[in-house]
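After this come two complexes, each holding chain A, first together with chain B and then together with chain C.
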Partner chain A sequence: MNLRKYLKVYKKFLHTSLASELEYKTNILVDLITAILSLIGSIFLLSIFFQNNGYIGGWKFEQALIIQSIYTILNGITNTWFNPNLTEIVKHIREGTLDFVLLKPIDSQFFISLKKLNPSGFLEIMLGFFLLFFCIRINQINLNLSFLTLSLITLSCSICILYSLWFFISTTTIWFVKTWNATEVLRSFLYIGRFPLNSFSFSLRIFFSVFIPIAFITTIPSEVFLGLSQLWKILLEVIVASVFLITSRKFWLFALKFYSSASS
Partner chain B sequence: MISKLIKRKIFPLLKVQYSNMLEYRVEIALWAISGIIPFFMLNIWTNNNLNESINISDIMLSRYFLCAFFVRQFSVVWVVFSFEEDSLMGKVSPYLIQPLNPFFRYFAQHLAEQITRFPFALIIAFFFFIFNPESIWIPNLSILFLSIVSTFLSFLIQFLMQSIVACLCFWTEKASSIERLLFIPTLFLSGLLAPVVSFPAYVKSWIYLTPFPYLIDFPANLLSGNETNISGGLSIQILWILLLFPLFKKIWSEGTKKYTAMGS
Partner chain C sequence: MVQNIIDVRNLSKSFDISSKEPGLKGTIKHFFRRKTKSLKVIKDISFEIKEGEIVGFLGANGAGKTTILKMLCGLIYPSEGSIFVSGYLPYRRKENFLKNITLIMGQKQQLIWDLPPIESFYLNASIYDLDKFEAKRRIKKLSEMLEIDEELFIPVRKLSLGQRMKSELLAALIHEPNILFLDEPTLGLDINAQRNLRKFLQEYNKETNATICLTSHYMKDITSLCKRVICVHEGAISYDGKLDLLLKKLSPVKEILIVCRSEEDAIKLENSSFTVKNKIKNEITIKIENNSIISSLKTILNNFDIEDLFINEPPIDEIIGRVLIKKDYDI
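Entry: the complex of A and B
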């Protein structure tokens, strides 16, 4: 594993994908407006929920906004890296071009998960951070070093879980060939991440923490920001994230054994 | 002449597209599952007793969201994505030579997909009733008929709107980002995530001037037996279709004049 080589290759990836995406400049502007409207829409929806209630699942409106901001950041990351790359896997497998990826003297998972980049997602990430700083102000959160490290740890764990989920589903393409819509299912489940987990009924809460760990993705980082989180929850998230990462890697290597190119 | 058109063109088209869609039944099943967001929203509403403030009982609200799910299932439109791909790949040129507007082909595709989707939607509804047995109801025949009509009208409105956006492909090549922008108000204002009755007064004052509440809220209210103005809703749906259709024809004729086939 040569880290310098991988960094160099990644720089090339960045360059080529930025160059090809910047061909469609108006697209980026439209995507920015979409991201802003989508954020306004979800805050609007949240405000309907809080219209006549002070609390939803034990969360105040200002606190629920933190979940919204973390969701926006993670959604931006999904749109920048995961979505463009992992939909590409489907194409690679369908057209048999995965052969060329496997022949390259570079790790195949690295190649297919980082090859592309969609710059319009950056704007969404920035929007999310903007809202997050606003939330930190209105919730009067004191920033200190331990808090910052904890929130960084939980956020990066969320990103790992999210990546693994996406990668996991895309890997199943090797058997099913067309899993375009499986990612749609994941997308609609992830939508739940916009709301505090406690606002759902008990059975759904179990479902969303065991089968699809959406609870870990947005709720725990938000709790860290509010200083509500217990240590065991953070530890649990770290464990879940590493388990997910390792299994997704193992699963990819396992799935590759079943890859039999197109038309062969 | 019209009967000849139906017999020689529409029927074969539908038949071909239906057998085409049956090939992708797993995909369509997954797509049907990805539409279950209304049920998650219902869970938030009832679990936090939010519906008390808008005077809708639990049972009526669960029926509303079930109907919203159904209406959404049968009014999903994706014509812009198909058209964009076809126009980028240069497939539109042979379609243009044929003595049939290519949008008929897409229209038949959508209808065939809805027929394929029907059993899956029924299965999901069946599971919904297992979990919520108290919300079972049987709408009377005339209401059922009217709501099928209004769902179809809602589908027509969305199909026309998206076809207009799709025609922008003639100018920009990537029109799907505009569609994603248009999808945001559809998502938040149509009543898919929260019934329009629950919206704050400052939104309710102008929302009925837009087509959005007639896409899901109106047909869902009609089918679920919630209070709604039947003749008013239907006539406004028809009004929107009468408004959008000439616009589509205009943009189509302008666009085809502008069209230059790829690689020529």
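Entry: the complex of A and C
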């Protein structure tokens, strides 16, 4: 793979998607306001849960806020990259415009995963980081190199798992043509990621760890921030993320053999 | 000797197609128990195309023309047989193969809707690894050939269909491919835009010696661009050869309208050995076989007092229409 070429193409992707989005100023403004209101609403909801009882699943409100901040960062990444690109796969396949992607001398997964960008998602990412820094202060977390490395690893793994899950579902469109509902179900499961895994029953904890690994997406990175995580959990998250990423890649290449292109 | 750039041998393609009975009962049955059957849409076809050739694929809707084109450019895996395009197996979609080809579809677009076409051109240039100066040179050259200038800087959504199609062509040709697959490129365009597009394709072929495979329902596209046609009927090739040979075979006679100086001359002509289609006063229409046109006209001019005459070519759409519904043409 020619890295220089891919960087050049990604720079063009950034440029064209920013230019496209900036054509509609009001839409960006509305998206920005929605992101701020959505974060305020989520924190308010979380505070209601903690009003009568100081702890949920062994987590204090200040600690649970870390999960909220990681969720906000991931949701921002989802809105910036995953949502505009991965939902588009369904459209590409239904309308047959995937033809143009497949005939370009560039990796098709790279193209359809990164071509578009929604700049209003950036604000959500920034808000998430502000909240995270605030949580680090109120929880008196000691920032050191190993802490930052582990946080970065677990956050990256979370992004990989989330991307792979979404990409996997979108790829099934090649056979099922319409899979909007499946991606919507995934998004609603992600809302669960705003709460500590321990606050759910045992069976739900198993479900959210094994079948839909929400636990890996938000809870483990939060545990790292609070110094509660065990090494085996971090290693497990790295393995799960790698398996998900490789599988989604193999699945895409396999699915393309069945692509029949839309009729003209 | 001109090399074969496309080589297709015993190619077949089958799709699984589901069918549904009408009504609510049919819909429920279809939802729970979908009946699918394998349908062979391309049946054991073979052909070669030489470098620099322009070949038209003719066929009714659903005959399999687009499926053939999509297999040639590597979008669809063949079920049986072999295809080599420029020495590559298309469905492997190797980088060097993709840099050699392009696909233009009249009903689908790759330009970024909200931005001027120039942005899409530079994006494509970066994908094909062209530097800025080379991209600029190619855009300038192609935009001159396509006669577009200001349109390059207007958002695609505000361009007319003709301007959009020209921009689509430029986006698809920026990497200077030597094989072009065109699927109904003039669809929906007005007469002038169609003519300009054909002119451009002729120039492009002349200048670059690019091979062009074209499907179109506009017969003018086929007659003005293609010397050779491949007729596809229900997934099989019914004719592969020169277009003029096919036209001669399918339309062996020409109609000639003769305006005589007097009605007596017309009556004389009516009673001669020519096959008469109709006669109105001093105007008479006769049918003459293509291979005896010159000698017949000489006879008429020498023996009758003629004021004017018109040779009517049979409508090409009508002739081709006959091709589309027939299975075999042995010429």
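Observations, loosely collected:
Criterion: the second predicted complex is superposed on the first by the 263 of 264 C-alpha atoms of A that agree within 3 Å, B and C clash if a C-alpha of one lies under 4 Å from a C-alpha of the other, contacts with A are read in each partner's own complex, and residues count from 1 in each chain.
One rule holds in what follows: a contact is a pair of C-beta atoms (placed from the backbone, for glycine too) under 8 Å apart; a residue touches a chain by one contact, two chains touch by 3 or more.
This structure is a prediction, so every number in the text was calculated from the model and none was measured.
By the touch criterion defined above, A:260 reaches chain C but does not reach chain B. By the touch criterion defined above, A:38 reaches chain B but does not reach chain C. When the shared chain is aligned, chain B comes close enough to touch A:51, but chain C does not.
By the touch criterion defined above, A:176 reaches chain B but does not reach chain C. By the document's definition of touching, of the two partners only chain B reaches A:30; chain C does not. Once the two complexes are overlaid on the shared chain, A:137 sits clear of chain B and of chain C alike. In the superposition on chain A, contact is made by A:184 with chain B only, not with chain C. The larger set of touched chain A residues comes from B, when the choice is between chain B and chain C.
Chain A residues in contact with chain B (one complex) as well as with chain C (other complex) are 24.
Contact residues of chain C toward chain A in the complex are 15, 66, 70, 73-77, 93, 95-96, 98-99, 101-103, 105, 107-110, 112-115, 119-120, 122-124, 126-129, 155, 183-184.
Listed in rising order, the residues of chain A touching chain B in the complex are 24, 26-27, 30-31, 33-34, 37-38, 41-42, 44-45, 47-49, 51-53, 56-57, 176, 178-182, 184-185, 187-188, 191-192, 195, 199-201, 204.
The residues of chain B lying in touch with chain A in their complex are 24, 26-28, 30-31, 33-37, 40, 43-44, 47-50, 52-53, 172-174, 177-178, 180-181, 184-185, 187-188, 193-194, 198-200, 203. Note for the complex: chain A touches chain C at residues 2, 5, 8-9, 11-13, 15-16, 19-20, 23-24, 95-97, 99-100, 102-106, 257, 259-261, 263-264.
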